[in-house]
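Take a look at these structures.
In what comes next, subunit A is part of two complexes: it sits with subunit B in the first one and with subunit C in the second one.
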Partner chain A sequence: MSRTLETLAAWLLGLLWIAPLAYALWAAVHPSMYATRFDLLAPLTFDNFTAAWAAAPFGRYFLNTFLLVTSVLAAQLVLCTLAGFAFARAKFPGSGLLFGLVLLQLMILPDVLLVENYRTMRALGLVDTILAIGLPYMASAFGIFLLRQTFKQVPKELDDAARVEGCGTFRILMRVYVPLARPTYLAYGLTSVSFHWNNFLWPLVITNTVETRPLTVGLSVFASTDQGIDWSIISAATLMTSAPLLLGFLLFQRQFVQSFMRAGIR
Partner chain B sequence: MSLTRRTALATLASAPFLAAPAVQAQAPVEITFNYPVAVGGPITKLIDGYAEAFSRENPGIRIKPVYAGSYQDTLTKTLTSMRGGDAPQMACLLAVDIFTLIDEEAIVAWDDLPGSDAPWLDSFYPSFLENSRTAGKTWGIPFQRSTIVQFWNKEAFSAAGLDADKAPQDWAEQLAFAQKLTKREGGQVTQWGLQIPSSGFPYWLFQALTTQNDVRLMNAEGTRVAYSDPKVAEALQYWMDLSQKHMVHPPGIVEWGTTPRDFFERKTAIMWTTTGNLTNVRRNAPFPFGVAKLPAGRRRGSPTGGGNLYVFKSASPAQREAAAKFARFLTTPDRAANWGIETGYVAVTPAAWETSAMRAYVADFPAAAEARDQLPDAVAELSTHENQRVTKALNDQLQAALTGRKAAVPAMADAQAEATRILRPYN
Partner chain C sequence: MKDRTTLHAWLMLSPALLLLVAFTHYPAVATLWHALFSTPRANRPARFVGLDNFRFLAEDPIFWQALWNNLVYAVATIPISVGLALLMALWVNGKLKGRTALRMAYFTPTVLPMIAVANLWLFFFTPDYGLLDRATQFLFGWGPTNWLGSHETALGAMIVVAVWKEAGFFMIFYLAALQAIPPVLLEAAAVEGASRARILWRVVLPLLGPTTLFILVNAVINAFRLVDHIIVMTRGGPDNATALLLTYIYELGFRFWDTASASAMTVVLLAILATVAAVQFLVVERRTHYQ
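Moving on, here comes the complex of A and B:
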């Protein structure tokens, strides 16, 4: 009995989750007069996608977003691994205080720092570059915290054994700690990529030109409510821009779910 | 440590600027122009075109338009970059942001710019200038301006036995027409008589109703509001009654963005919306439609809306002169007419309506002139110090009343109390 109930609840949640996506798909492949009318025989069309693609330089935006998320993720992985390892295993004076400062950063919303970040980027001469969009996020407090916790769970014996075999600190990190933290890396990578894929306000503020703007800023071309909203084109554009993320998620679904369970991110 | 490094970097980064004045004599004057539209739409092509044409006429000046999304996004971006020491020289922002921009000490008055003069500043429609002037100075140049008009479906009017060419002229007629136009099948309404959007910024459409009920929502100094005036509650009651008592208007909150689509799909026979939608409706309505001034209550009326051009304090004297030149270039009769024809926004000077291009356009599409003819009855859009919070106080209570959670009089009294509290420092 309770099992049926659970299955039912799972289906209900699943349907609720998929409903917006299903609607977007429906609206995107039909002419806009069918956007809010359900008719199985409605004619199919690809025009919404072509119209959306033509409305903004999406090719360039895709490239920008790709450069942005990969550069941010690469920098985050390197920085957070090293910092996390130091906080987990190295003993140095003031490590507790420093880690407290890192944790403090977790409590601050990035939007609060908008002006200060802008000032820094301007001082560095980086306004209107892709690097400027990513730079404030590269030393991620969340990543450091997460990897520190993961590294702490690695049995000290493995560390000692590797040392007996003659490994240096860096090789221990690469051969023992990093492989054991793979689920954490995967889970963290996913949250990081999807966050930067969807980020809007900071990229909008710090960029001025087509050459540097990411997809989300380009997508806002369809949100000009002054002229009224065309659900079909918005749906087409949304599907288009989120397709790589969606595909990635569907393909690697099992790995993602498992790594989330193991990494304990909820 | 990090402080000194940052200072060092800052000095390094600013070194080229320190050396700049010597070079500036020959280099073209560049103006960054923040514009509230996202990249790619038809409007960006127009603006890019104007900027290029201007540079061709004035080889020493380059205009660099930066498209920044919605009005809200553009304001955020502009103020953030300003506080970050990198303000644009010029921007198109909401006319109602005037007090916010003055309080932030962000902008300069146009009167003080080299190359601007009184005849030019007086050449705009007075109802557009109402939102652009305060304390005896002109802070914004009307550019992307609009008012609210009613669109009606002529087919639906004929089907309901009404004169297809006559829009409702007053509140009583509007209700009577809407009653005839509302179609019910069983318990379901298939076509509403009238739709007044109430999502996002209900205060703007509500201000049309209050103006028609002959009451002003705020004073010219932007320091007081009159939300608790009995006439305001009366106007709200009329709006509430349309849906809650007479059931000729959809219940609850009506989405602003999808109202044009509801109109195209015949879900509503009359809609109130901005003149900025004119081109959209003309392109997409699958039936003959009419455009008219809003109906009269005690009087006719609508608020104006849309964006003004502002010049920022960051502009150097050369840039200020260039900005004034560019604004004059944008508002010449021919260009203002072209802008109005291409977008549906109301051309901002009477002279623009006298150009041959505009005359030909109006002869072909008389609806375009309706918004202009409403201007003598139009009033300034609600705008005060702490504008966002003061209008939000009204928006929240309006939505509470429209969803049936509050009665009109207490809702407006609560909005007044909140607004008075916010405005206390300015009184």
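Moving on, here comes the complex of A and C:
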């Protein structure tokens, strides 16, 4: 009896959780007169998507977000691998203190330091560039921490064996450590991509033209200007901008959840 | 040999350290410094004003309202989202029907951009037409409510959106921890005749302690950072009812270009985050001593 009740409660919560998205989906694929009228026989249409696509330079926004996400991830993978490896394996004076200073970024995220970082970007002449959106996030304390933990779990014997074979430090890193850390890279990559695809406040501050705005900022500009309250078009635009991540998530759902678990984030 | 290891380590660390210092440590310190200067204007460079910016802040009722709102926001979102996350994880980890679909439903908000989420919920909260008003009308016969436009409900609405966005993300960490519990422990408890509730209370929950700490720290940070939806949905309004520290920093710094006040507010926010960091450090320290 209580089991049934529990299942019911779980499903009710699930429905509640999916309701806003389902509602947007409804509004996006029906003519706007059906946006608030539920009728199973309402005609389906794709017009809202084409109207949204034509009303704002979404193609450019997609390109900007793509450039942002890939450049940030590429830089993060290189920087965090090097730093994580140094913290995991090299013993040198002051490494503990230094690691503590790195972890500080887990608490004080760049998001909070908007005012100063804007000042820095202006001094560097980088305001309104895609590089400026990504730069504060490229050295990621979370990434360094995750990779350090993973590299520490690599058996020392493997390292020693490679060294006996005459491998240098860099070769050992690339041939032994990096391949063994694949699940961590996957988990970290997925979190990084979804974080930067979705990031809003810093890009809003640092960009002011179509050429640099990522999707999130573009969508907010689009939804707040003269669209009035044509919910069908706003819903279509909203779904369009989230679609790549949503699809990616649906396709790789299992890997996504499992890679989180395997990364041993505790 | 020793020197070469140190050299290698520094070579590998320097690119990451350079960026970290430039965009985390330097701005944190520079904020403290710049908070002591006036805002530079076109014909008047910044000059040293001591603690004046903080004095103005203390006299600014909107600052106190934002601080209070942020505390309410934190005190509401943290326990609700963490509690729901635990509940979700226990359900999804159990033998419920259709748990894969459920897990997906719970987790979906996490992959949606907060700004898209804001649009969806704007629609949800619309007076009269919105799904929420239709539901309350159907269920309780209520008239239209201006959820985002009235003082009493606006902050609550923001809290609901934040909980909805966060709970599924925290669920993943609980799920990972639950699956790491050795089944032997649970079987042993069951053989001893312990009820489900007792197993949960005496075996499962204590083992989830470290995960809860990790999630709590994240939830606290998010309570001060997760403001995208507020900027889009209410812009801190109506009448500052949903203004939080970070939204007010954004307003001051990038709408009024009053960077001095924005720096002073950032100092307050940094002080709060530093306190959280210190508390976490102490708790973790104590924990490791016991082990």
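One rule holds for everything that comes next: the second predicted complex is superposed on the first by the 239 of 266 C-alpha atoms of A that agree within 3 Å, B and C clash if a C-alpha of one lies under 4 Å from a C-alpha of the other, contacts with A are read in each partner's own complex, and residues count from 1 in each chain.
Here, a contact is a pair of C-beta atoms (placed from the backbone, for glycine too) under 8 Å apart; a residue touches a chain by one contact, two chains touch by 3 or more.
What you see is a predicted model; the values in this text were computed from it and never measured.
Q: With the two complexes overlaid on their shared chain, look at subunit A and say whether subunit B and subunit C clash or fit.
A: Superposition result for subunit B and subunit C: clash.
Q: So, does A:D230 touch the first partner subunit B, the second partner subunit C, both, or neither?
A: A:D230 sits against subunit B, while subunit C stays out of touch.
Q: Looking at the overlay, does A:L114 come into contact with subunit B only (first), subunit C only (second), both, or neither?
A: The answer is both, since A:L114 touches subunit B and subunit C.
Q: Give one of first, second, both or neither to describe whether A:C80 is in contact with subunit B, with subunit C, with both, or with none.
A: In the superposition, A:C80 touches subunit C alone.
Q: Quick one: name whichever of subunit B and subunit C touches more residues of subunit A.
A: Between subunit B and subunit C, the winner on subunit A residue contacts is C.
Q: Classify the contacts of A:L21 with the two partner chains as first (subunit B alone), second (subunit C alone), both, or neither.
A: Once the two structures are laid over each other on A, A:L21 reaches subunit C alone.
Q: So in the superposed three-chain picture, is A:L12 touching just subunit B, just subunit C, both, or none of them (first/second/both/neither)?
A: In the superposition, A:L12 contacts neither subunit B nor subunit C.
Q: In the superposed arrangement, does A:A161 touch subunit B (first), subunit C (second), both or neither?
A: A:A161 sits against neither subunit B nor subunit C.
Q: In the superposed arrangement, which partner chain does A:T169 touch: subunit B (first), subunit C (second), both, or neither?
A: Second partner only.
Q: Going by the contact rule set out at the top, does A:L104 touch subunit B (first), subunit C (second), both, or neither?
A: After superposition on chain A, A:L104 lies in contact with subunit C alone.
Q: Figure out whether A:T238 sits in contact with subunit B (first) or subunit C (second), or with both, or with neither.
A: second
Q: Jot down the residues of subunit A that show up as touching in both complexes, subunit B in one and subunit C in the other.
A: Common interface on subunit A, subunit B vs subunit C: 35-36, 114-115, 118-120, 201, 204-205, 217, 220, 223-224, 229, 231.
Q: Which positions of subunit A touch subunit B when the two form their complex?
A: 32-33, 35-37, 55-57, 114-115, 118-125, 127, 201, 204-205, 208-210, 213, 217-218, 220-231
Q: Which residues of subunit B touch subunit A once you look at their complex with the stated criterion?
A: By the definition above, subunit B touches subunit A via 6, 9-10, 13-14, 32, 37-41, 64, 66, 68-70, 73, 76-77, 80-81, 83-86, 200, 256-261, 264-265, 273-274, 276-277, 279-280.
Q: So in the complex, the part of subunit A that touches subunit C is made up of which residues?
A: Interface residues on the subunit A side: 6-7, 10-11, 13-15, 17-21, 23-24, 27, 35-36, 78-80, 82-83, 85-87, 90-93, 95, 98, 101-102, 104-120, 135-136, 138-139, 141, 144, 169, 194, 197-198, 200-201, 204-205, 215-217, 219-220, 223-224, 229, 231, 234-235, 238-239, 241-242, 245-246, 248-250, 253, 257, 260-261, 265-266.
Q: Over in the complex, which subunit C residues touch subunit A? Could you list them?
A: 5-6, 8-10, 12-13, 15-20, 22-28, 30-31, 34, 84, 87-88, 91, 96-98, 101-117, 119-121, 123-124, 126, 129-131, 134, 164, 168, 172-173, 175-177, 179-180, 210-211, 214, 221, 224-225, 227-228, 231-232, 246, 249-250, 253-254, 259, 262-263, 266, 269-270, 273-274, 276-277
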